[in-house]
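Both complexes shown next keep chain A, but they swap its partner, so chain B is in the first and chain C is in the second.
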Partner chain A sequence: MKKRDLLALLFLTLAVAPALAQTKVYRGDTVTISGVVRDELGNPVAGATVQLLDGTTVLDSTTTTSDGSFTLSWTVPSDHPLGPKTLTVYVPEQPSLYVEASSTSVSIEVWALVVVSASGPQRIHRGDTVTITGSVQGMNSGTVEVQCNGNTIATGSVSGSQFSVSFTVPNDWQKGPITLTVTSPGGSYVDVQGTQVSTELWIRPTIEVTEVSGG
Partner chain B sequence: MSDPEGGGGGGGGGEDPPPSKKPTKLTIAANPSTVEPGQTFSVGGGLFDASQSDWWNYPIAGATITVTFNGQTKTATTASNGGWSVVFTAPSQEGTYTVRASFAGNSQYEGTSASTTVRVQRPSKRNCIIELIYPEKVHVGDIVNITVILRDAETHQEIKGKMVTLYIEADSHQIESGASFTIQARYPGTIDVGARFEGDEQYNGAYDPGGLIEVWTRPSIEITHVGCGEG
Partner chain C sequence: MRRKCLVVILALLSLTAALAVAQTKIVEGQLVTITVRLTDENGGPIAGVLVHFLDETDGVEIGTDTTDSNGYASVVWDTSSASAGTHSILIWTEEADYVESTQTRVSIEILTPAELRLSVTAPAAVRPGSSFVVRATVSNVGQAAAQEVVVSLDGQAKSIGDLEGGKNTSAEFTTASPDEPGDYSLTLQASGTEWGTGRLLSATARVYYRVKMEGIALKIRAPYSVREGETFSFSVDVSNVGESPVSVSIFIELRGAEPSEVLDSTYLEPGSNQALTYEAKAEGVEEIEIIAEARGGGLRATDRATIAVIPSSPPLTQQPNATSGIPPPTERPSDLISPQDATSQSALAQGYPEVQTPERQGYNQDRTISVNISVARGRAETSLSTAPVLAGGGSGGVVLLIAVLRGIWRVNQR
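Take a look at the complex of A and B:
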């Protein structure tokens, strides 16, 4: 395809793109779509039926108010496929109102929100094998990562929303409070809300006796 | 048959009784018998010897027939078949007029007269029909043309230049037949149209109840907000 054709295609795509940017919607959330139905002269059309369609499935239906406005809503099922989705706002033909059929499309993106909760020991020591356990909401399988100062120090797998990740405390960690971040790499159309586990690195000092002298 | 003039004088005059005259029969007819003002029509008939047998009219030729109609007098001379004819022009005043023809009589024949009537009336008004031309379905914002055509009910010829009342909903507009009236469809619903012609000297009035123009909308759907919250 020539460059000019590509440009033309780009402009065409822009021209038919909906005015509103795609709205990000998490599974389980309720999308609300508000709008106004007007006639050719811009006057509001009152009392008209407006439907929200997913293909041919009616998700919601309402009637316009005296100023032509309407609000439709739809709760995204928790198992709905992720990714972009086009819904149709449809005004069916209504002979009693002399209203012909009309439609417009609304683009949304269905995202998953993964919320990690985790807990670990309150006190750790160099060389300890530390186990962080927790659960992941919104994700049945996948991986979790334990990070410290941006470095991944351990990964583990999620099974049945539960996980358990172990690592050995490196010897170069300094004593004092330590914040571990537990998160998941997520994926396409997945937002991850990680969690932080606070712990403290304590020192078990070794006492070296250098000299024992008599009196 | 007795002689009414000669037979009765029985008195003792020494004069000879006048020679008996033969009775006559005068026929008359107007053609046409119903005319429009200003139209010419003929009145004619025949003069016959009534002493002859009833089943054969013996014509009297060369007799003078005086015909009067609406104050006018015309004369005609009977032809060899006894026929005579004159032509009149109908007056402007409508009505039924009597046309009287008379034969004064002569030495041979008795005088006689006959009459008929002529009806003078204006031509009856013609009927016309209104043809309303309008779209059955338009859309909001459309410019709608409504045309009123007046036609002769018989010939279906278009009659131009008559003022016709066009009814659009509660409004009425005077427009010339054959012309169009333009409105803009503003709201979804219907527009009731009809037309009336009041009639004039030539044509009777006419009315067309018309009908409804359906005004539809292809609505635009403006999305003002797409939002989400927890379900």
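Take a look at the complex of A and C:
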């Protein structure tokens, strides 16, 4: 799973650090938040506890190093709701260090990544009924589309991440290599990584004897 | 309008193609053009595809051709060395340029060329100037049909139409033999054209035949007179004046004598004659009439003679017989008529004029006959000369010229 690095700078002297730009993360990705805890004078604070919170839920916790830096990480669950999400980097009050509590927010967007894999016949003919089969990672239901030259020629349903889509080869397709794109319409906060199926359209000729004549 | 015309033209072209394909019979030696068209699923032409033509029957590749822009490819097959019979021609394409392989077959029957044979049958021998039938049998010993076959003989032409391979048919001609005996021949010709190629076909046959003279002659030899109640002899000379042997049946009717009729038969080689002698007894009549008829080989000849019956009273012109006092019957000279002379009483052939012996008017008369016969078609002329001999010492000569025209041979002697 991918790892998303975020930087949080905590200024103990500041209540909240400026929010970072929203970061796109996919389900399963591990989000990493790094930062430095400093005092009002800008000096790093070592040994301070830093937490990553989802609301009140502690997602990760660590202690700053001698230079005040820290790294927090969180893996987005595969069933995590899609959409924007705000995480909180929180430095609780630590009397032993004479550090008061402080926090800053990190905004992310949770996306789903759908990966389609498919296969089909190597050779097709006009009028043939061609079936494309495959699977979809990251999506247990929904639809897939088979496209040729940007035109959708067939759609099918995903069932248990599997799909099978059939279509009839049009009579106006020209002989030669054909590239079929298999994708899904996707949706909000869903990225689709389609696939291509390469095939060849061959002509099935008819030979007819038109004349037998003696001379 | 132009579109309609185009549609009609295309329809006609399609029909022509269909008819052309239906012609799968080829005469051996013909150059056969085989044309194919390669099309895609939409009926559109496929150009640039190599097409192979293979004679599967003889295992010979006929040739290859690449389809043109209209999808057509063709080869010309020289069938000179092809075996006779049905050939399976495999036509196939190689897979190339996203066009799959395909194949088809066409059956072509190679026929052996048409060949006319002519055989003729005619009588081995015919009579002069006679009509006879010549039968010509035309056979086509090839497999290709012979078309518009005509058989001709001496300007007579008979059309027998088309003659399929292996078939034969016959035609009859009626012709006439020459007037002169001898050996002759007839030449018949059959002609036609070969199906598929238009090649001219002909056959000639000659038949030999002989024109032969046929005929039988009949002559009664009898005394001029006999006595009443006397047993007398008479003979019938039968001659074969023809060129073939003949079996002759003889029927003799006697009026005024016993027996009243005689039946006999004999066999005569060509040119031979035979004298058949009989006896009869004169009845009490004034005159005995003998009528003889000979039949054989479709021929017929007759003769008639009369004999005066001398009553018991003394004869008028004869010297008294030494034993009976009655003058002896007058005998006819035995050498007055030669076998050749008898030809005058012959019928030369069936359908020819019957030759009748001159009918006797008197009882004391005899004659010498010489006959020359010349025969022409449809008629015969005979000149006959006789030398009458008067009974009772009287003698004289009469020369008769007998002309027999168109079936009427009749000799009148008076």
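Note that in this section the second predicted complex is superposed on the first by the 194 of 215 C-alpha atoms of A that agree within 3 Å, B and C clash if a C-alpha of one lies under 4 Å from a C-alpha of the other, contacts with A are read in each partner's own complex, and residues count from 1 in each chain.
The rule we apply is simple: a contact is a pair of C-beta atoms (placed from the backbone, for glycine too) under 8 Å apart; a residue touches a chain by one contact, two chains touch by 3 or more.
Note that the structure is a prediction, hence the values are computed from the model and not measured.
Legend: residue contacts after superposition of the two complexes on their common chain; A:116 is shown touching neither chain B nor chain C.
By the touch criterion stated above, A:214 is placed in contact with chain C alone, chain B being left untouched.
Applying the stated contact rule after C-alpha superposition, one finds that A:23 touches chain B and leaves chain C untouched.
Applying the stated contact rule after C-alpha superposition, one finds that A:127 touches chain C and leaves chain B untouched.
Contact with chain C, but none with chain B, is seen for A:205 once the two complexes are overlaid on the shared chain.
Counted by residues of chain A touched, the larger count belongs to B, out of chain B and chain C. In the superposition on chain A, contact of A:89 is made with chain B only, not with chain C. In the superposition on chain A, contact of A:171 is made with chain C only, not with chain B.
Shared contact residues on chain A (touching chain B in one structure, chain C in the other): none found. Taken together, the chain A residues at the contact with chain C in this complex read 125-127, 171, 175-176, 200-215.
Interface of chain C with chain A (complex): residues 17, 20-21, 23-24, 26-27, 30-42, 46, 49, 51, 72, 74, 91-93, 97-100, 102-104, 106, 108, 196-197. Interface residues of chain A facing chain B in the complex, by the touch rule stated above, are 18-20, 23-26, 28-41, 43, 45, 48, 50, 69, 75-76, 89, 91, 97-100, 102-104, 106, 108. Contacts from chain B toward chain A in the complex involve residues 139-141, 186-190, 214-231.
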